[in-house]
Each structure stands twice: as C-alpha cells, then as structure tokens.
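One structure, pasted below without further comment.
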Amino acid sequence: MEATVAIENLRVEYRSRELGLATKVAVRGLSLAVGQGEVFGFLGPNGAGKTSTMNVLLGFVPPSAGSARIFGVDVREPIARQRIGYLPEQTYYYKFLTAEELLHFYAGIFQIPPAERGARVDQVLKLVELEHARKRQLKTYSKGMQQRAGLAQALINNPDLLILDEPTSGLDPIGRMKVREIIQRLKNEGKTVFFSSHELGEVETVCDRVAILHQGELKAEGRVADLVAQHAASLEQVFLKLVGYHPHP
Amino acid sequence: MNTVCSLAKVVVLEMVRRKDFYVLFILTVLLTGTAGSVNLFNDRSIVRYLKEICLLLIWLSSLVMAITCTARQIPMEREQRTIFPLLAKPVTRGQFLLGKFLGCWLAVGMALAVFYFFFGLVSASREQQWPVLNYVQAAWLHWVMLGVVVAFTLLGSIVFAAPSSNGTICFVVSVGILLLGRHLNKVALGLPQPWQSLLYGSYFVIPHLELFDVRDLIIHNWELIPWGMVGLATLYAAAYAAVFLLAAIWVFRRRPLN
Amino acid sequence: MSSHPLLVSALALAVALAAGGRLLVDQQAQRQETGSVLKLLLGESRRAFAMHVFLKADAYFHQGFYPSVFDSPAAAEAKTHLVEATEENHHHEHNHGHAHNQHRDWIEAFGCHFQPSEHRHLEGLGQAREILPWLRLAAELDPQRVETYTVTAYWLREQLNQVKEAEAFLREGLRANPDSYEILFELGRLYAENDRDVPRARIVLELAVEKWLRQEASKVSPDHVSYRQILGQLAALEERAGNLERALAHYFRVYQVSPNPATVQKRIEELRAKLAAPQKPPP
C-alpha cells in the first residue's frame, strides 16, 4: 500500500537574492514515510528544517532534489492538497473576516456544496469551541483563539491528512490538552496526522512514531518506545543527545 | 470558477471593510458640492464645469482605488502570510491571481456604480435630464479600462518587490497614458530616427486607456457611441487584461513563496 | 502600504479644494487681495494655469472638440475662437485643420468614436453660459490677464443678456488692471450699446483713449487695432448722440492709423455732408 506521505531523498535549498550570499540548504537527503492512520511527530531544534519540509509537502517551495508525494500524488499538483488540512506555524488569516466568514471562504475553495457548508462550519467551530465568537472579526481574537480558528480551518474539508506546524504553540495548558484530544480523536477516526513540535511530552503521549531532524538531516526515526529502549534514556535525553547537546556535568 | 469566486468575494469584503472608498467618496461629494455652491455670475444653471469636476474626481478616485487595492493584495498576502494556508488548499496560483483580479475589478466596479449614480444626481439637479444610456456607456468603458489597470498593477505587484513603488509606478503610467497616449504617434514624428521608431512602436504596444475616457462626450451631451464600438473597445481591453494576467500567472508560477 | 498615489491625489484634491474654497470666500467677503491663496499655492505657474483654463473655456465653446498642441502646434498660438467670436469678423471659415476623416492609424480611427470629433459650437439659448466658470477661474488665477475680462464681458452681455454681471466683472478687472484700455473699451461699449448711457460711455471711452496714448503711442508698433476700435466706438456714440463734429474729430484720428483709409474717408465725407445739410425739423 502507498504511504500517505512519502518523502525520498528530499533536498531543500533557499537561494538568496543577494549576490555573494551562499545558498542555504535547509533539508538534505531526507527520506520519510508516514503510513495511513498514523500520528507522526516531527521533531528538531529551531532551524532544523521542519517547516521547510512541510513547505515542500504543501507545494510552497519546490524541492531542489528528491521527491515528495502525498496519497501517491506529487506535491506539485494542486489536487494533492484536496484532502489535506494544514495549520501554519503562526496564525496567518484575513484579519478583517469573522471566523464564520473565513471558514465559509475556505469551504468554498474546497468546493464543498453550499448546502453542506453551514453544517460543516458549525461542526468545526464547535470542535474548537469558538461558537461564541463566530461573528467577530479575527483581529479581535486572542492568540489562543486565533490558533483554534486555524485548527478549525485545517479541519474544514474533513481532511484525511493533517499537517500541523507546532499546533500547540501559544496555547495555555488547557488549550494544549484540547489539541491533544483533537489529535487523538482524529486518529481514532483513522486520519493521518503529521505534526511538528518542540513539546516532547506531548509527542510522547500522542505519537505513534517520531522523526528527529537536526540541521536538515534525519537523525533518528521510529516508534517512541523503540527509541527510548534503544538508547536507554527518556525521549528528551535521546533528543538532546541526537542534536549534539551534552549537558554539563 | 467556484474557487476564483470565493477568492474574489474575500477581496470585495476587504474593500467594503476598509475605509478607502468611503473617504474618497465623501471627498468627491464634498468637493463637488463646494464647486457647485460657487456663485458664477448669479447663474444657477451652469452645469458642465460641475460635471467635469465631478467626473475628474471620479476618475482620480477610481484610479487610486483600483491601484492601491490591487497593489497591496499580493504583498499583503505574503507579508501576513495568509497565502500559506490558502495555497495549502487545492488552489492553483493561476486561480489565486484570477481571484484577486476579479475581486479588485468587481470591487472598483461597485464603487463606480455608486460614483456614477452620484454623478447622475449632480447633473440631473441642474439639467433636468437623465441620459441613462450615455452614463451606462461611460461607466462601462471606465470599468473596462480599470480592468486593464488592475491587471497590470497585479503584474507589477509580482514583478516589483515594494508595493508602494509599484503603486506609484502604475499610477504614473496610467495617468501618463491617459494624458499622452493619444499623442505619442504625433510626438514620434518630430523625433530623430532611432527614437521615432521606438516611440511609434510603443504607441502601438501600450494599452490605449485614453480611448475609454469619454468624459467629454457626457459633459457636453454628445450622442451615444455606437454600441458596436463599445463592444470592440471592450474586446480591446479584455485582450490587454488577458495578456497582463497571463504574464502575471507565468511570473508568479516561477516565484518561490518565501 | 502604498500611500504614494494617495498622496498625489490628495495633493491634487487639496489644490482643487483651495481653488474652490477661495472662490467661495471671495464671494462672501468682498475681495481684498486677489488670488493670494492661489498665488501661494501655485506660485508663478498660475499664469500658465490661467492660460490653460482659458483654453478650456474655448474647448467648452467647441463642446469638447478641441485639437491639442500635438495636433497642430500653430493652433496653440493662434487666437481662440472664443476671442475671434467677440470680434466683428467672426463669420469666416474656421480652420481647426483637423479633418477627422484623415486618421494616421487605426488607433486614431477607432479613438474618434470615443471623443468629440466634430466641429461644433455651443449653440442654442444660453448654452454659452457653460464657458463662464473657466473664464472666472482664469481671472482668479491670473488677475492681470486682461483678455479674460473682455471676452467674458462680451459673452455675458451679448449672448447671455447679463449686462449687470458683465459690468461688475469688468469693474473687477479694472481694479486689478487700472491702466487697461482694453477693459475700459469693453466697459465703454457696454455703457454705449447696452445701457445707452452716453455720458458715462463717453467718459470711459475717452479715458481709454487717454490710456492708450500714454501706453502705446510711443511704442515702435503700437496696438492700432484697439485704438481704432475705441475711436470707432466713440465716434459712433457721438454720431448717435448727434454730436457730429465730435464724431468727425474721432474719425479723423481713425483715418490716420487705418490700414484702408479709403473707407474711413468715405465715412468722413458722409458725415460732412450730413453736417452741411440743414437740420431736419422734428416731425
């Protein structure tokens, strides 16, 4: 069976506009496969290349080498994104729209029939608990509310694959727990979740498998339990070791 | 098409919620009102200068609106990064640009409708006549011309990095064509050779926006323009808008997003 | 944020607003310092603006049909129809040499459908009033531009029957240009032809002659046309009033500067004959 996400030998480079500056290699030789129904944690320190990899999966940045496929379709085809839900790293939405309008807009883009849009919007707003603020413009939202609005838009098309870039950043402990619950629920529904995070604790609780990236290279990949057993240490210690950080004695 | 319309709707909503249009409209009303209240030799039936001033303000406002609205679309999407969640959906970049174009064009069209209605009131207040068809022709040609302006501003916003410089360039170019486009051929004839051919060539290449400026005809109550000519002018504008849009899509496809 | 085009248009609007506002203020308070706001705003370029606005009036006279400087560079120098029409000989063929069936290329051919492309003048009752705002503005921009006042006054009294307004405007012009014999002539013409106020017309026209002599007589090529017009008006005035000797004296002065003295000579002889003939007894 075809993996939901298949990355092979991926290389991502940022060519700088200014002359004289070297091209920045953000990801080199990354190969990954995420199976259907899996919750996959994508770990790495700041600047490791997590967002860059996701940018390729979403077609924002063309791969310099290698390939990436989603549901067996090359990511450069727009149709590959029909069944994806994406939550960006930060909240990037039209601030002059209300949550309801934003969701209706995205529902329109997914060609959800108008008759079903209302029900769908109600459903996701309920899921992220924004019903009380649905008629307010996004610029009046708190950061946590905006993050939840983002999650709502990622779920609007009832996607089979969710790509979440640090979904819990900026949320309070209750918010984080709610996000974890949502991920858990999606997993129970048989969806695939591919998410990046710095929160090793939450990764440990919800992920089936993780990959640890450092300076664009894959350092480790596998089930959390296997990794922990293999290195005879906690996930945090494994992570620190792999990224080359040695705590002072 | 659905996707394009959804995108366009957001642009229109943005225009409706921003203050630009209201400011420009109120300014137009105020200035026209001021000009109208001037006492000219105790004659209250003088109207053409008022029509002229009102139309000039409408043209200026519409250009400012079309250009500023269009010029900021893509830079804003990039700056506020709204383009990312959007393009993470099954939207091609072509659809994205088409949506932006349609949205800006519809938005200025709505503004034009309000402006021309106001113009009709101004002229009816003194002339006691409503040459509706003439106004429809003028407004339509105006709108069609703005389609070309929106299209090349959109192209400019992809080619030039800074939105404000793009806005200024587009404004200067549009006003330049409106004022001089008609005369480039005659100017060319008076130039020495390499320049003559160059200027004459550009005369045939530029979009002749000034064709669509029929203000003099409605100020001075001329007859209707033959509808066939209006149709041809529409096709002419559509061809230019299409060329600019295709160029924009072609460039935008090749641009990395960040 | 692209504030540039907004800035540009805001500036343009500000100028328009100031100009409009100025006109308003002027009407409320009787004008003191003419056009000082505009002077401040536009500086010396307001002369050029005034010329432009004056041409605008001419374009209005042609219902928007007007060749640009690019079409015929000569047209810009030549007298505008607006002015020609005020002179006696305005029935000649117009030569706005812009035959609209001679298009240089298809863009011109196509474009002629979207702009006035036929030589028409403002006709019909009172339509000429539409040119007035521009003349008013031209005077506002450049109060020293004498032609603005004379042309405006002509249209006001001849075409629009607004003699009072014409007089007021000429007086305004005179305040700005106290030495202008052209304005005095126009004012005299108004008193003579419209008001039939002989004594007043005489004073004004004689003042005009005086001003002309003081300013022009010593010049290498004095403005004889105006001189003849003033004297002719004065002579006709005296003739109508029955002061044939005075009229004769004026005709003699015309005779000295006339380009075709024969016609003037004829007129003089007619008058002499009239003078010699016995006074008709009143019926």
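The letters A, B and C name the chains in turn, as written, and every chain counts its residues from 1.
Following the convention adopted for this analysis, a contact is a pair of C-beta atoms (placed from the backbone, for glycine too) under 8 Å apart; a residue touches a chain by one contact, two chains touch by 3 or more.
Everything quoted here is computed from the prediction, not taken from an experiment.
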Greatest separation from subunit C - chain, by CA centre:
A
Judged by C-alpha centres, the chain sitting nearest the middle of the protein is B
Between subunit A and subunit B, the Cα-mean centres are separated in Å by 41
Distance from the mean Cα position of subunit C to that of subunit A, given in whole angstrom:
79
Subunit B-facing residues of subunit C, complex:
1-6, 8-9, 12-13, 16-17, 20-21, 23-24, 27, 60, 63-65, 68, 70-71, 104-105, 107-108, 110-111, 113-116, 126, 129-130, 132-134, 136, 156, 160, 162, 165, 169
List the residues on subunit B that touch subunit A in their complex, please.
2-3, 5-7, 9-10, 13-14, 17-18, 80-92, 256-258
List the residues on subunit A that touch subunit B in their complex, please.
14, 55, 58-62, 78-79, 81-82, 84, 86-88, 90, 92-97, 101, 105-106, 108-111, 150, 153-154, 157, 163
Subunit B to subunit C touching residues, read off their complex:
27, 31, 34-35, 37-43, 45-49, 53, 57, 60-61, 63-64, 67-68, 71-72, 141, 163-168, 170-171, 182-183, 185-187, 203-204, 208, 210-214, 216-217, 219-220, 222, 225-226, 229, 232-233, 236
